[in-house]
Amino acid sequence: MSQRIPVKELTDSFRGRAVGALADAQLRTNFRVAMDSLMKKRADAFPDEEEREGLRELGNHIKARALSRLPDLLEQLEAKLTENGVHVHWAETTEEANRIVHTIIESKQGSQVVKGKSMVSEEMEMNDYLAERDIECLESDMGEYIVQLDGEKPSHIIMPAIHKNRRQVSKLFHNKLGVDETDDVNELIQIGRRTLRKKFLEADVGVSGVNFAIAETGTLLLVENEGNGRMSTTVPPVHVAVTGIEKVVANLRDVAPLLSLLTRSALGQPITTYVNMISGPRKADELDGPEEVHLVLLDNGRSGAFADAQLRQTLNCIRCGACMNHCPVYTRVGGHTYGEVYPGPIGKIVTPHMVGLDHVPDHPSASSLCGACGEVCPVKIPIPELLQRLRQENVKSPDEPAVVQGGGSKYSWKERALWRMWMALNTRPTLYKCFLWAATRLGKLTPKNLGPWTENHTAPVPARRSLHDLAKAHLNAEKTSGDRS
Amino acid sequence: MSARDNILKKLRAGLEGSTPRPDQFDETLVTEPWQYAPEDRIQRLRSLMETVHTEVYTLAAANWPAKVQELLENRRLANLLYAPGTGHGQQLAEFWAEAAAEQNLLAYDRPIEEWKEELFWQVDASITGTAGAIAATGSLVLWPDRHEPRLMSLLPPLHIALLKASEVEDNLYVMMEKQNWPAGLPTNLLLVSGPSKTADIEQVLAYGAHGPKELVVLILEDA
Amino acid sequence: MTELFYDAAPNATRVAPERPGPRTYPAKPPEVTLFGTCVVDLFFPEAGLDAIRLLEREGIRVHFPQEQSCCGQPAWTSGYVNEAREVARAQLNLLDNGLPVVVPSGSCAGMFRQHYREVFAEEPDTLKRVDDLAERTFELTEFLLHVCKVDWQDLGQPTQIALHTSCSARREMNTHLHARELLGKLANVERLDHDHESECCGFGGTFSVRMPEVSGAMVLDKTRSLRESGAVEMVTADGGCLLNINGSLEKQKQTFRGRHLASFLWARVSGEVKS
């Protein structure tokens, strides 16, 4: 497949990376097998459709309610957390967020950071930022650790190393850690456990993400299965949580449905092994836990999405990954094809606000709008509708105001002119009929090569008579025979 | 202007002229599907926890220290971390003295900084209480405090948890209500639903990722 | 249609529309309009004609307004809203006569029923007519099943088929359920499941030309599972998918083919065998 397009021009685009991914048979198998199993797990976790749909509706309501008073909730969260002894910081950009984290580490003369899984820290490229400042920032989630060890980025937001199989992990451990190769997954995990335990012990600062920030009680809730999140937030003397401003919910009870939706949609689990609710630093008489807890609230384009009522729905997301598990495009091309932190359908709708639509101009188009994502999203984000909207923003002419940063980069007067012609054709019956007449008469002349279409198909030949023609003849015949009788 | 002010200003501008959505929380959605008859409640908890490799025993309240000792003996473990300031901690210590048990009791009675290495590498097992359990999801509620610190349920490869049969609730929502969580949460409230695990390699389940490899729950029936 | 917003402010935070209850169907009307759709018009006109025949067989008089063209979907999904809106308006005006509209394509029916609301979101006055059209629009299988309540005698030879449903038809119109039930009425037809049946065939309108490699991988998988189902042929109620699947099969030099459901049904109940 790859020889059809000059790859050189395309490696920097979604399409170019997709070509590479599609050619990698191992990668495709890894994803297909994994996504099939994740889809099945989710289906099994929601045996009752009524229950599931009711809960999704509630999830949607809770997030919408929170967003409808987001600034107030953020202030309430800040006040409550401060009361609980947590330091709250605000950052508009990832640069600012990194600087805040770095300042905290520096103030403790820290040199080692251990990180629980956090997509926001991926957004910040925190590891690189700190490494440049001689601070080691180690991933402790097994999947993240594997990916970091190989100098890669996660390919899935829940299962970062899903693109690798055990043999690839074994080779990696062998090369980087000097251990013997093994096909035993348990053995591989134990290697990770031993290596990382030492790091937890030594770390000066622990960094984590947040799944839900509860305004009512000033609580940061984290879910995980491994225990690395608990390690990162309990063992080092300082805990820094980083999160997007959309993660706040009003009440503790809101968590009950959201948690259930999250863990069942993500991995089909009734609940994760650990649900970790942190409401403050170690108290004077307590024997463990960090002495300092910080929360960094990151905007990074979210307020841009928030400004538009339709696009605001993007911020409902609870990062369960179900949309990518069910996406036929993601399944085939994998997470790295998206070239950004968030892959899959959620990546397509959220990334433009973070990096600008002009940086990911193909994102909205790389979808057949099949709707599988919207159907499974636990908080009912109308993902296909938002993709359609982003396509609109993409082709807006320069003299219309841009709603999304970097909008209008796909504007082309030629394409617009074509659609204008299409419009003329379809709004003027005489023109349309002329077109039908020509197409049906000249069908035989359809060229064999119709660009991209004929890469996968033969050229479609119009029928010799259109339905307009056939129907007219048929209905007239009916009428005459009817009149006769 | 600070980042905070900028962010809040942008958000407020986005909402200009609109009203907050009403609270339409329908609690039946998180309670009704998850209700159990009293006799089924513990069974549900048990079977859910067992599917994720938790060992569950139901026993008369008085017998648990002996059971703990038996668990350690069977596994040939050398020591047990416990919380001396708790009721069950004292009970355990008394039993240990009386039975002249050979496993070493390690009291978590000083700040982690003073014995981090030992806690990390040399403790075989721990025992903690629970603040109840949730049948719907098969979860223990742990409410660590100054007497029973957070890491007790995380660092040792074996974690034994005591659960009163009468403190098993149907679902998370009911648990929050009954214990009135919003009124005051501990530094670190935990739901624990099995031993630590991961499926990050090929989705193959492996236990003992970073936390305990084994979780044993002793359900204590009231006398 | 339910309220999308709690308050009327244009920037009010949106909640998901309430789930629609099961659709209630009217009694069988004496007349309907057939909206042929542009793909059927040009590439599968026989299927459109067979749809007319199926309806007439139920004693319904079918109108086919000669002024009809396209529902506007291609421009809409490509982000050309104004162009889509004008084309949509032309159809809306044309179909504004209160007659039920039957569409032999789930995705176009879905366009009328669901997306015209978005297309005309900024024209409150038009929305009333949009809702009215949505109420009157039926995908062909749905109409035959629930409005005509067809009772068929299967005149064809025993056969085994696979059913492919377009994604929008499945998700917006439940066409997979209607088509299955209709096929279930044919005594000699066995419907075989195929692998990843609910997965997209990769068409997606302009997606198939903008991302030909990804789309190609999808249709390749789809055609493989269709062939491996053991069925003799595939039927579908959507012209776009049919174009995609048959075009790919032909390119692969496979003999297996898909057929529009309307044509398949007509052949079964009329006993006419066409080449």
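When the chains are written out, they are named A, B and C in that same order, and each has its own residue count from 1.
We adopt the following convention: a contact is a pair of C-beta atoms (placed from the backbone, for glycine too) under 8 Å apart; a residue touches a chain by one contact, two chains touch by 3 or more.
Since the model is a prediction, treat every value here as computed from it, not as a measurement.
K.L.:
Which of line, ring, star, complete and other names the graph you get from chains that touch?
P.N.:
If you draw each chain as a dot and join those that touch, every dot ends up joined to every other.
K.L.:
Specify the chain with the shortest distance from its C-alpha centroid to the centroid of every protein C-alpha atom present.
P.N.:
Closest chain centre to the overall C-alpha centroid: A.
K.L.:
Compute the distance, rounded to whole Å, between the mean C-alpha positions of subunit B and subunit C.
P.N.:
Each chain's C-alpha centroid was found; their separation is 53 Å.
K.L.:
Hey, how far is the Cα centre of subunit A from the one of subunit B, in Å?
P.N.:
About 31 Å separates the centre of subunit A from that of subunit B.
K.L.:
Multi-chain contacts in subunit B: which residues touch at least two other chains?
P.N.:
Residues 14-15, 18-19, 21-22.
K.L.:
Two or more other chains touching the same residue: where does that happen in subunit A?
P.N.:
Subunit A, residues with two or more chain partners: 61, 64-65, 68, 308, 312.
K.L.:
Can you list every residue of subunit C that touches 2 or more other chains, as numbers and ranges?
P.N.:
Where subunit C meets two or more other chains at a single residue, that happens at 6, 11-13, 15.
K.L.:
Looking at the complex, which residues from subunit B come into contact with subunit C?
P.N.:
Against subunit C, the touching part of subunit B is residues 14-19, 21-22.
K.L.:
Which stretch or stretches of subunit A touch subunit C in the complex?
P.N.:
So the residues of subunit A in touch with subunit C come to 1, 5, 14-15, 18-19, 22, 53, 56-57, 60-61, 64-65, 67-68, 308-310, 312-313, 328-329, 332-333, 362, 364-372, 374-375, 380, 382, 385, 388, 390-395, 416, 419-420, 422-423, 425-427, 429, 432-433, 436, 439-440, 451-460, 462-463, 465-472, 474-475, 478.
K.L.:
What does subunit B use to touch subunit A in their complex?
P.N.:
2-4, 6-8, 10-15, 18-27, 29-30, 33, 48, 52, 108-112, 116-117, 120, 136-139, 145-146, 149-151, 154, 171-173, 176-177, 181-182, 185-204, 206-212
K.L.:
So in the complex, the part of subunit C that touches subunit A is made up of which residues?
P.N.:
These residues of subunit C touch subunit A: 6, 10-16, 18-19, 34, 36, 38, 40-46, 48-49, 52, 56, 62-64, 66-70, 72, 74-81, 83, 86-87, 89-90, 118, 167-168, 171-172, 198-200, 202-220, 243-244, 247-248, 250-251.
K.L.:
Show me the residue ranges of subunit A that touch subunit B in the complex, using the header's touch definition.
P.N.:
Going by the criterion above, the answer is residues 34, 37-38, 48, 51, 54-55, 58, 61-62, 64-65, 68-72, 74-75, 90-92, 96, 140-143, 146, 159-162, 164-166, 169, 185-186, 188-190, 192-193, 196-197, 200-201, 216-217, 219, 225-228, 230-231, 233-235, 245, 250-257, 259-260, 267, 270-283, 285-289, 297, 299, 303-304, 306-308, 312.
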